[in-house]
Amino acid sequence: MIGVPGAGVAMHALIAELYPICRSITGAGLRQTLARIAREIPLVVHEVPSGTRVFDWTVPREWTIRDAWVRDAAGRRVIDFQRHNLHVVNYSVPVRARMTLAELRPHLHTLPDQPDAIPYRTSYYKESWGFCLAHRQLEQMPEGEYEVCIDADLHDGHLSYGECLVPGSGPDEVLISCHACHPSLCDDNLSGIAVAVFAARALAQARPRHSFRFVFLPGTIGAITWLSRNEDRVGSIRHGLVLTCLGDRGGFTYKRSRRGNAPVDAAVEHVLRHTGTAHRTLDFSPYGYDERQYNSPGFNLPVGCLMRSEHGRFPQYHTSLDDLDFVAPRSLEESLAVLLAVFQVLEHNRTFRNLNPKCEPQLGRRGLYSGLGGTDIRQQELAMLWVLNLSDGDHDLLSIAQRADLPFAVVAEAARRLAAHDLLAPA
Amino acid sequence: MIGVPGAGVAMHALIAELYPICRSITGAGLRQTLARIAREIPLVVHEVPSGTRVFDWTVPREWTIRDAWVRDAAGRRVIDFQRHNLHVVNYSVPVRARMTLAELRPHLHTLPDQPDAIPYRTSYYKESWGFCLAHRQLEQMPEGEYEVCIDADLHDGHLSYGECLVPGSGPDEVLISCHACHPSLCDDNLSGIAVAVFAARALAQARPRHSFRFVFLPGTIGAITWLSRNEDRVGSIRHGLVLTCLGDRGGFTYKRSRRGNAPVDAAVEHVLRHTGTAHRTLDFSPYGYDERQYNSPGFNLPVGCLMRSEHGRFPQYHTSLDDLDFVAPRSLEESLAVLLAVFQVLEHNRTFRNLNPKCEPQLGRRGLYSGLGGTDIRQQELAMLWVLNLSDGDHDLLSIAQRADLPFAVVAEAARRLAAHDLLAPA
Amino acid sequence: MIGVPGAGVAMHALIAELYPICRSITGAGLRQTLARIAREIPLVVHEVPSGTRVFDWTVPREWTIRDAWVRDAAGRRVIDFQRHNLHVVNYSVPVRARMTLAELRPHLHTLPDQPDAIPYRTSYYKESWGFCLAHRQLEQMPEGEYEVCIDADLHDGHLSYGECLVPGSGPDEVLISCHACHPSLCDDNLSGIAVAVFAARALAQARPRHSFRFVFLPGTIGAITWLSRNEDRVGSIRHGLVLTCLGDRGGFTYKRSRRGNAPVDAAVEHVLRHTGTAHRTLDFSPYGYDERQYNSPGFNLPVGCLMRSEHGRFPQYHTSLDDLDFVAPRSLEESLAVLLAVFQVLEHNRTFRNLNPKCEPQLGRRGLYSGLGGTDIRQQELAMLWVLNLSDGDHDLLSIAQRADLPFAVVAEAARRLAAHDLLAPA
C-alpha cells in the first residue's frame, strides 16, 4: 500500500478548519471552502452565473445566511444558528415573524429515533424555510409564542466550483469528484475533500500517465453544471471516482459504475481485496451522489463511488453526530492509501504481448528463475509465468492479477522484468 | 396483486361440476367438458377426424365407455366404474370374460406404497385393458373366478379441443394451454382449466394489447394436433404458459421455457418473487406436459409451465387422492392472481427511451420529487431514477424492475408518470 | 465405468520394475525406461542431439551417473547413491574432493519438517552438484572432514522421448503426455506412465475414431522439444491430457485447460461427476507439468491435467516417501477406468440433428416408449426426450448429458437408438 505518513493527522486538521463553515450549493461558504483548498493545491475556481441553463436545470441564486434563531417568550435564543449551522434548513428563504409553537412546528425538523442529534435538511428547489433541532430539545419547548428570524437572502450571483488538474503525459483522464456543499458534516463530505486534496498533492510529484482532474463542486447542480460545460471533454475520461464518507471507522464500500465491469471497478475491487481490510461492493444504483449524473445514460461514464460506511446507512449520516470525532486520522490515511493504490493500478495497467509465445522462454538463463529444481516456486516467478501465459493481447495486467490472484504490483513488476529482457512488448 | 374476489370459491364450484365426468383424449367426456367451459367463456370447439395425420402422429379413434366392473363368484361388483371412473384403465379396449384372479391380476393396477389410493392409468397407444384399485382392496380379493366386463368401444370419430381467443389491439399473441383429458382428478388438471377460464373472463374486460389464446385440449395428441393445424400462427406467439396443478396447497413451481431467458420466464419469476409466497423455479426439461411439444426444437416457443406442487412429485398425483378436498378455493384464487399479474407484466412491459439522457432531469419542478432534501427517497421516486437511468433503448421495464429489485407495477407507474411529462418515449 | 480387471496389479508391477532406475532429463535411465515401455506397447523412440535449438531452449547434454557418495573420516559411505538414487542432486556435475562438513553443508539438501524423508532435487540448467538426505541423518553427521565423490559426466549426446500412436479412423488427435524424467518416485510419475501404457493397450483393440498419441518425455524440455518438432501436427490435436500422480489413494483432481471450457474439460468433469468418487476441479494455472507448454499462448492447446492428489500439495511429493507403498493397485485401476471413460466420451461425443423436430415423434409405435400411461418415465426414455429436444445442431451429446444430468453413456445409447429409427442424423 502506498501510504503518505502523517497525512491522516494533516487531513483531519484540514477538516477541522473547514468544519465550522456554513456551506451550501452556492454562496460565501462554498467560495471560502474552495479558497482554503486552493491553499493546498492549484485550483481553478469557476463561477457560473445564476440563471444559466445547464441541461434540464437552471443555476440557482446565491444564498447568503447571516443569522437565524428562534427566541422564546423570555427572549432567549432557544434555537441558534450561531451554535450550529445545521440548525437552519439549508437554503431557507428569509423569515421574520412571531408565531405559536403550533404554527412553528411544521417548520421544525427533528429525529425522534435519535433524540440528541440535529438533522441536516435542505430546501434547494422549493422556496421554504425551517429549523432543525434535537428532538429532546423540541420536547422541552413549552407552548406559547416564539419569535422567529432567518436573516438570509437569495440573489442572483454565481455557482462556484473548483478544478485541480494534475496533467498527465498521455491523452486519457481520470475524474475525481467531491461534493463540497454540505455544511458542518465531516464524513459527508469534508473527508472526501481532504482525501482528494492529499491525493492531488501526491500525484503532482508522480508525473502520471493519465491526467487527473479533481473537481470540488456542489452536489447534483454542480456536477450537472460541470458536465454541461465540459461535454467535449468527457470523451477523454477513462476512469472516475466520486469520493465521500472516507473518514469514518467502518470498512470500505465500493459502488460500481453503471457499466459494472469498467476498469475502475476492477481496479478498486482488486485493491480492496488485497488490502485485507473489510470491504463490500455494491452494484450501481441511480441513487447516491454525483455518480448519478456521471452515469446518466447520455454520458455513461465509468465512474464509481468509493466510501467507507455507505452513505445513508449509518446513524450519524446527515446529523450533527457526523462531527470531528466521527472521522479518524487513521481512517483518512487508509482511505488515501487505497485511493493512491487504485491510481497506481490505473496508471500501470497495460496490455502486453508475449514475444516468445510458443512454450515458456528459458527464464533461468536470464537469471529470472531460481536455480534449484524440485522446490516450490516463488511468487515473483509465478507472476512471470502468469504474465507470459496470458499476454496474448487480450488480457491486461489487472485481469492477469485477478486470474492469478496475485497483487497487481507483483504482476506489474513481473511484466517490467520480462519487458526488460525483451520477452514482452506493449500490445 | 390483481385479485378477483370470490373467484376461488367459484373456480372450486366449476371443478366440482367437472369432477365426475370421465374424460379421455377423445370422446363424450372431453366434449362434455368443453361444452361446460363454453358456458363460461366464448369457446370455439374444433373436431379433428380420427386418422388425420398430425406430424409423426395420427389422431386416434374415439373412446366410449359405458360401464366396467369385476364381479366376484357371488355376483357382487367388487370393482365398479360407477363408483369411481379411475377404476378402469383409461382408453381400455372392451372385454367380457371369466377368469381366475391369477389370470386377472396382470390387468390390475395398484399402489402398494399408497394402499388406499386408486391409481390413474392409461393405455392410449397400445391396445390393452385393465382396472385400477386400492392395494388394500386387492389384498382382500379371494382367489377364485371373477367375471370381468369393460363395456367400451373405440370407433372412428373426432378429437375435440376448444379455443378461446381474447383479441388484442396488437399483432402479438400469448398462448395459454391446459390439458383437459384427465378424468376425475382435480389438481391435474381441473385446476388449470378453472384458472384459465377465470383468467380469460378477467381479460375479456381489459382490452389487452396482446391477443390471449386459451386452448383446452387432450394432453400430447391435442397439443400436437393444435400445432399441426396452426403452424402459420405460431410465429405470432410471443409468450406462453402451460397451466396445471394450480389448486393444491403447495408453493408455486415455475418451469422455464427451453430458452430459459424468455420474457415470460422473467415475468413469472418476477411476479413470484414479489408475491412473497414460497416458490421455486426449475430449468426446462423435455418431460412434463405440453410444454414438451411447444418447446420441441422445430418450434422452440417461449412457453413455460406454471404449477403449484410440481406434477409427479406429490403423493396424490395421478391417484384418487387428487380429489375435491385436495384443491382449495384460496389456492385457486392465489394462482389466478399470480397469472393475472404475469399478464399485467407482459402487457405493460415496454422499452422506453430517456428523452433527457444527459444528467437527471429536474423532477422537483415537475412535482415528481418531494421537496425536502436530506431525507431518504421514496420508492416511487427511486423507480423514476431507475427508469431514467436505464431507458437507453436496451432495457425494458421488466429488466429495470429486476435490476432495481422493485415491483414491476411500481416501475411501470414511474414510466407512465415520466412519459406524461415528456421525459420518456417508447424506444 | 470401463474397467480393465487385473490391470491395477499389473500396473503396479510395471511401476516396481521401473522404480529403481535413475532417470533424468537425458541419459541411460530415461532410455532404459522407454525400452521397458516399448515391451508393452509399440513405441517409436526419438533421439534429438544435444545442442539442438528448440524454441527459446537448447537440448542439453546427456548426464551419466555411475556412483556418488560421501565418506566419513573412517571411510564409511554415510551418503550412498547405491542405496537410493535420490541421494544425488539429479544432473549434478562431477566432483571429487575432501572438505569439512561446514564446506559440504551448502551442498546438502534436507527437509527439516520431514526429517526421515530424502528430498528430490535437480539442477538441470545451472552447473552445480549436491546430495539429498534425511534431515535426521544430517543431524547425526559429526563435524570433521569428508570425502565427496560424484562419478558423473555431462557430454554431448541426445535427448530421448517415446511416442506411441494408436491410429484412428478420422483426422483428429488426442494427445496424452507423461513426464518420464523423475528417478525413484512412484506417484510422480511412474503412475502416469503405467496408466498411459495400459490405456494405449486398451485403445489399440478399440479401432478408435480419434488417433491417440501417447508421449513419454522428460518434463519441460521434452515437451518443448516435442512441440518444436511437431508444430505442423498440433493443429490436429482436439483434446489432450497430461497424466501424473494417478496412483495415490487420494480423490481425483482435474486441472482445466487454459481455455477452461474445452470439450476435454467438460468430458473429464462429466466422468468424475458420474463416477461418484471424490474429486475437485482447478482452473488452469501456468505452473505445474507440461500443460504449461501445451497451453502456452502460441499453442493454447486444449490440454488439461488429470491427477489424483494434486502435485506439490501432499507431503510425500518429491521425496523418498513417494515409493512403491504410496501407490496402490486399486487406485491405478480406478484412474485407468476414469481415463478410458473420458476417452469413451470424446470418442462418442457427436452433434446430431432431430429429423422430426416439430413435436415429439411417436416413440411408442416404434417400441421405444413403455406402454402404460400414468406412471413415471424410465431413464432411457428420458434420455431420448432430451436428445430429441436438444438435437438442434447446437448441442453435442456431452452438453445434452450435462444439461439432462444423465450419464453420457445413457445419452449416447439413446442417440444410437434414435438414429437406428431414422429419428436422428449427424448434424
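Here the chain labels run A, B and C in written order, and each chain numbers its own residues starting at 1.
The rule is simple: a residue touches a chain if its C-beta (ideal position, glycine included) is under 8 Å from a C-beta of that chain, and two chains touch if they have at least 3 such contacts.
This one's a predicted model, so the numbers in the text were calculated from it and none came from an experiment.
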item	value
Same vs different contact residues, chain B with chain C, by half of numbers used	different
Inter-copy rotation, chain A to chain B, in degrees (Cα atoms; steps of 5)	120
Centroid distance [mean C-alpha coordinates] between chain C and chain B, Å	53
Sequence positions of chain B contacting 2 or more other chains	none
Parts of chain A lying in touch with chain B, wherever the complex brings them together	54-57, 90, 109, 119-126, 128, 220, 223-224, 227-228, 231, 258, 283, 285-287, 292-293, 295-300, 312, 318
Of chain B, residues touching chain A in the complex	354, 356-362, 364-365, 371-377, 382, 385-386, 388-392, 403-404
